[in-house]
Amino acid sequence: MKVGIVGATGFGGLELIRLLKQHPEVKEFILYSSSKKGEHIDSVYPHLNGLAEGTLQAIDHERMPEQVDFLFSSAPTGVSASLLPPLLEQGMRIIDLAGDYRLKKQEEYRQWYKKEPPEQKWVEKAVYGMPEYNRENIETSQLIANPGCYPTAALNGLLPLVTNSLIETKSIIIDAKSGISGAGAVPSSAAHFPVANDNLQIYKVNQHQHIPEIEQMLHHYSEANDPITFNTHLVPMTRGIMNTMYATVEEGITEREIKEAFFEYAEQHPFIRLSPQRTFPCTKQVLGSNYCDIGWSFDTRTNRLTTVAVIDNLMKGAAGQAVHNFNLMNGFPENTGLQASPLFP
Amino acid sequence: MKVGIVGATGFGGLELIRLLKQHPEVKEFILYSSSKKGEHIDSVYPHLNGLAEGTLQAIDHERMPEQVDFLFSSAPTGVSASLLPPLLEQGMRIIDLAGDYRLKKQEEYRQWYKKEPPEQKWVEKAVYGMPEYNRENIETSQLIANPGCYPTAALNGLLPLVTNSLIETKSIIIDAKSGISGAGAVPSSAAHFPVANDNLQIYKVNQHQHIPEIEQMLHHYSEANDPITFNTHLVPMTRGIMNTMYATVEEGITEREIKEAFFEYAEQHPFIRLSPQRTFPCTKQVLGSNYCDIGWSFDTRTNRLTTVAVIDNLMKGAAGQAVHNFNLMNGFPENTGLQASPLFP
Amino acid sequence: MKVGIVGATGFGGLELIRLLKQHPEVKEFILYSSSKKGEHIDSVYPHLNGLAEGTLQAIDHERMPEQVDFLFSSAPTGVSASLLPPLLEQGMRIIDLAGDYRLKKQEEYRQWYKKEPPEQKWVEKAVYGMPEYNRENIETSQLIANPGCYPTAALNGLLPLVTNSLIETKSIIIDAKSGISGAGAVPSSAAHFPVANDNLQIYKVNQHQHIPEIEQMLHHYSEANDPITFNTHLVPMTRGIMNTMYATVEEGITEREIKEAFFEYAEQHPFIRLSPQRTFPCTKQVLGSNYCDIGWSFDTRTNRLTTVAVIDNLMKGAAGQAVHNFNLMNGFPENTGLQASPLFP
Amino acid sequence: MKVGIVGATGFGGLELIRLLKQHPEVKEFILYSSSKKGEHIDSVYPHLNGLAEGTLQAIDHERMPEQVDFLFSSAPTGVSASLLPPLLEQGMRIIDLAGDYRLKKQEEYRQWYKKEPPEQKWVEKAVYGMPEYNRENIETSQLIANPGCYPTAALNGLLPLVTNSLIETKSIIIDAKSGISGAGAVPSSAAHFPVANDNLQIYKVNQHQHIPEIEQMLHHYSEANDPITFNTHLVPMTRGIMNTMYATVEEGITEREIKEAFFEYAEQHPFIRLSPQRTFPCTKQVLGSNYCDIGWSFDTRTNRLTTVAVIDNLMKGAAGQAVHNFNLMNGFPENTGLQASPLFP
């Protein structure tokens, strides 16, 4: 296959290049960039010296459907709303890594993103690309809204509990922590090394745009429509997300039922790994891989469950999950090109 | 005054040396160390080259009361239980930075520390050294149990709310994050640089020994005796604690009442600083100082309050608070020797 | 005294605020900033919450001589060339932390800085503010060109050898490494956390503008006019410079003579510390302090001397040395306000 | 093939597992560990959860030749001297990642390693496993002494110059910097996070055991037997080596000749990449890959060449190069299993 990557010079784009370079079904890829068109990718990113041929192409709605068989869009949120529909109308199959097509309700998008949503038609057609819960829809979809990094870790840790009615959804509190690559490739004050290094920052307190994305899925799988509490921190590391999640256990539920729910979940899904009981994952144990590792502890003093889920935000939280979806959409074995072990230390 | 420091080669001890070196009322200090006695401190820690005279002394119960007027004990938890009583019996005034004398109930100490508590007499006489809530007792005390690092950040963020009945104590969840100096000066796997760097680790999930310490104070100031949820993470930075704290706001309480409670608290206490509304502190903004900076957000969607408190774990969380107590016990202005601005960046 | 700081929102400016805040002879300071005038410093830098009063003032050549008795200029290099002369003409005494007035030869400034130098008159009057070698001139100077960070570490390690004719100046190679705060407060790609973290970068290879500054002093104290080799690296840490310096030992020179030269140097100068023989300083052992720590090793296999000098780039390499010069210019004891111990760990 | 790994729980061992797991010619591997035999590798290293079957085996000279077709030994230096000969006598083919078999002169081994060398017979038979210079010998060898991490970066940067007589060997100075994983998996004070973080340390000044290893190769390819100067630093990052290397250019040599020498070298060797002229590599651009990236600058002011070589110390500096040698010894295409792109950021 011939594959295109829009927004190739962002961190999501770079990770897609790394993965597709080793994907046995991808014979060629074309890189698109509006900001650096005409440049060669390895003059911007020397780690790709010798690894990516051709220059960065301008985005051209007419030529793209001829140039490539499949498109990954890693353009910033707010851009793909207008960028993708002309391509979709021509029948292109697209995985969008941005937030534009994730929220089904346009008013929620406006409220949380402070941007104008894409036209309703494509929002409706878009499938939320979480393979663990949406596999069949993904396989037949034309447009995938690839999940956000935080929601990926949150939902993989919470949905096995919610779908089995093990926790009270109204009690859910998610304390999320991310490495700074999550802030993207554009320099900023909060990500300036002398500020970010040896520092822990909290941001967008109670206002993060991933809140409605998590709630949308939780509400889909539970009867209640409770709001959740969700906060995010910038940890002085490059990659990695850890979500520490708290919820009150439903009356009468035992540790054994929790254990079984997680055990079964990990059994069914190739990229979910369960930590041995009473141990907890660290972010580094999934570095560079597509795994989501989960640990949990039922505290009988408070009747609360602590669930910990870790991912590599650029992999399972972005490009890795996108390639997973790409595999499903094309009928490839779902772990194709995603089998690399984590890099440790 | 002539002051002694037991456990001078630990990180708490080093920070005491740094502070007492600049304290105008301390004319001399003697360093004690059981593990390195006879060595010179600057051969162990070259940053002290030229700054600390004399060799490390052995701990000697008979000579110590003659050698010094006041003692800081920074020995590991479990050691001061037996180390201090003979000195106390001779009338020495002591600030203990370890956990031994903090919990009033011996069975709680046994349960959480898995160690034998000190004799009940001295546990009873010990005053919990949190200047914001115990000032008068501290001033007349012979033995101070200096608060733990996490409880310091937790209680300064929560007590202004609890004492004003603004939150439901049974809903309190504390998600705590610490720099790795909190693990002490002895090398370990979890603190081995290649493991800890670029990594986020969670530890002692629902089992941290600071849980009963926080609860003891919360229960003292509230009518209920609710257990709390408290978890701790190792952040890849040297110093700093951030506690992100969640609680349901009591029925009918307004944002304004919360604001006033914190405002008044910061007004009254020299080392408490309130972040401007809708902004939140980062750990680096208190580095090397004795400040506890607090920010908060009332989320009306969930009726929950998010409170963020940051400290330097070796300062306000250990040596700085100890010197604060030392000032109170000796009638010095409370900020004596603690006026240095944070080091930024 | 009433002191002004131009460029108060840069990292050099912040460090001056931290130091002057604790300087017993400074009763008040006024902060100037062209980019943020009218703002309050602690809304830009929350670590200063409650520590710095008044708003940032615009730079005003007419009012400044009335407002303050002494001026520190921490404006970027290239700005002070035109900014300072009108103030100097009015008799103001100024310490300039930028590079503009350091090089005595205007053509060298043009060549290495690619900027237009200040007028020759003030370049000639400017005294290079290295207290160890220029004390008398500093005391009577009106304008101090405060040394660059790298040259400070280089010259303190090399001049004791050069002035005693112990090494061949033509053989000098300086391999310099700096924390990233040296790059300043403005975000950039090379200092973007995801790029800079867990990374080592070399930059301005054989082209750093500190080369002529180091050579100017070496040539002043040696007979030869040999060029040196000097390269610089960005280390993933916030503060600290380590210069590893190589030179061939002059024929017939013994280890003992080297030892004595350094010993004598450290004896004479309060901020120079010599590491015990066969030990070497690390950058962290001077963090937050004004020390320059030096270690050395004479390798008889190659007849080369390895000299290692470390400083905190924002202290001895910038603001600390500036305050040292300020003390000398005003007849205060030279270590006034500079006695804080390093922060370790 | 069935492959064994001795010392599987060290960082070199872990990296071998990661690589061999994806190597198409390796059907199975057995992990040996003297310290953790009987344990399962993923209980020690959770990143391998689900990725490595079987328990860690004891080292057993009799069973190993039957169990595996090929052996990688990643035991600590000093251990393989006695561990390997009984296996070699039985005909096993082995790649040793330790230092024991690298130095051809036993007295040099004793002097620099302060250990007893292996018997002369096997030292003589051992082939220094640097594929760029020893390919033919490697292909037919039974025992490979896999090069040290620093020498790999040093020799790939210097040999193209030395073999073309472009630099004066007696002028070579290597200033080497490494991430802290180079210190191994055993916790120590220098690698304790609170000490190592935000710090730059120099160690083994003029005494590093890699000095004779580099000299041995340089002397093999040059007429002179000049000693070199070589120093090593611990940079606060997990992986990566940068060697900044200085040498005087031979009389009459032009920039063009240098350029051609490096260009030709990079053309011939699949894991050598040359940075575009006047640009220089950073360590992160080779993270997780087997590349050695090289940049250089000829400074006509000093007639010195600055050459910069970077590698991932656990890859090209250890396990990656070992797999490269393994490919050559077995007639596989030399980049088999080594084609992953660097992980960036």
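The first chain written gets the first letter, and so on, giving A, B, C and D; residue counts start at 1 in each chain.
We adopt the following convention: contacts are C-beta pairs under 8 Å (C-beta built on N, C-alpha and C of every residue); 3 or more make two chains touch, one makes a residue touch a chain.
No experiment lies behind these values; they were computed from the predicted model shown.
Between subunit C and subunit D, two chains of identical sequence, the interface residue sets overlap for the most part, with shared numbers making up over half of the total. The pair with more inter-chain C-beta contacts, choosing from A-B and A-D, is A-B. With chains reduced to the mean position of their C-alpha atoms, the one farthest from subunit D is B. Subunit B and subunit D have CA centres that are 46 Å apart.
Once the centre of each chain is set as its mean CA position, subunit A and subunit B turn out to be 38 Å apart.
Measuring from the averaged C-alpha position of subunit A to that of subunit D gives a distance of 36 Å. Contact with two or more other chains is made by residues 11, 179, 181, 194, 197-198, 236-239, 282, 284, 287, 345 of subunit A. Here subunit C touches subunit D in the complex through residues 173, 175, 177, 179, 194-195, 197-203, 205-206, 227-229, 231, 233, 235-240, 242, 244, 246, 280, 282-284, 287, 295, 297, 299, 301-302, 304, 306, 308, 310, 345, going by the rule given at the top. On subunit B, the positions that touch subunit C within their shared complex are 11, 14, 17-18, 21-22, 43, 45-51, 181, 185, 197-198, 238-239, 273, 275-276, 279, 281-282, 284-289, 293, 339-345.
Considering their complex, residues 11, 179-181, 183, 185, 187-189, 191-194, 196-198, 236-238 of subunit C touch subunit A.
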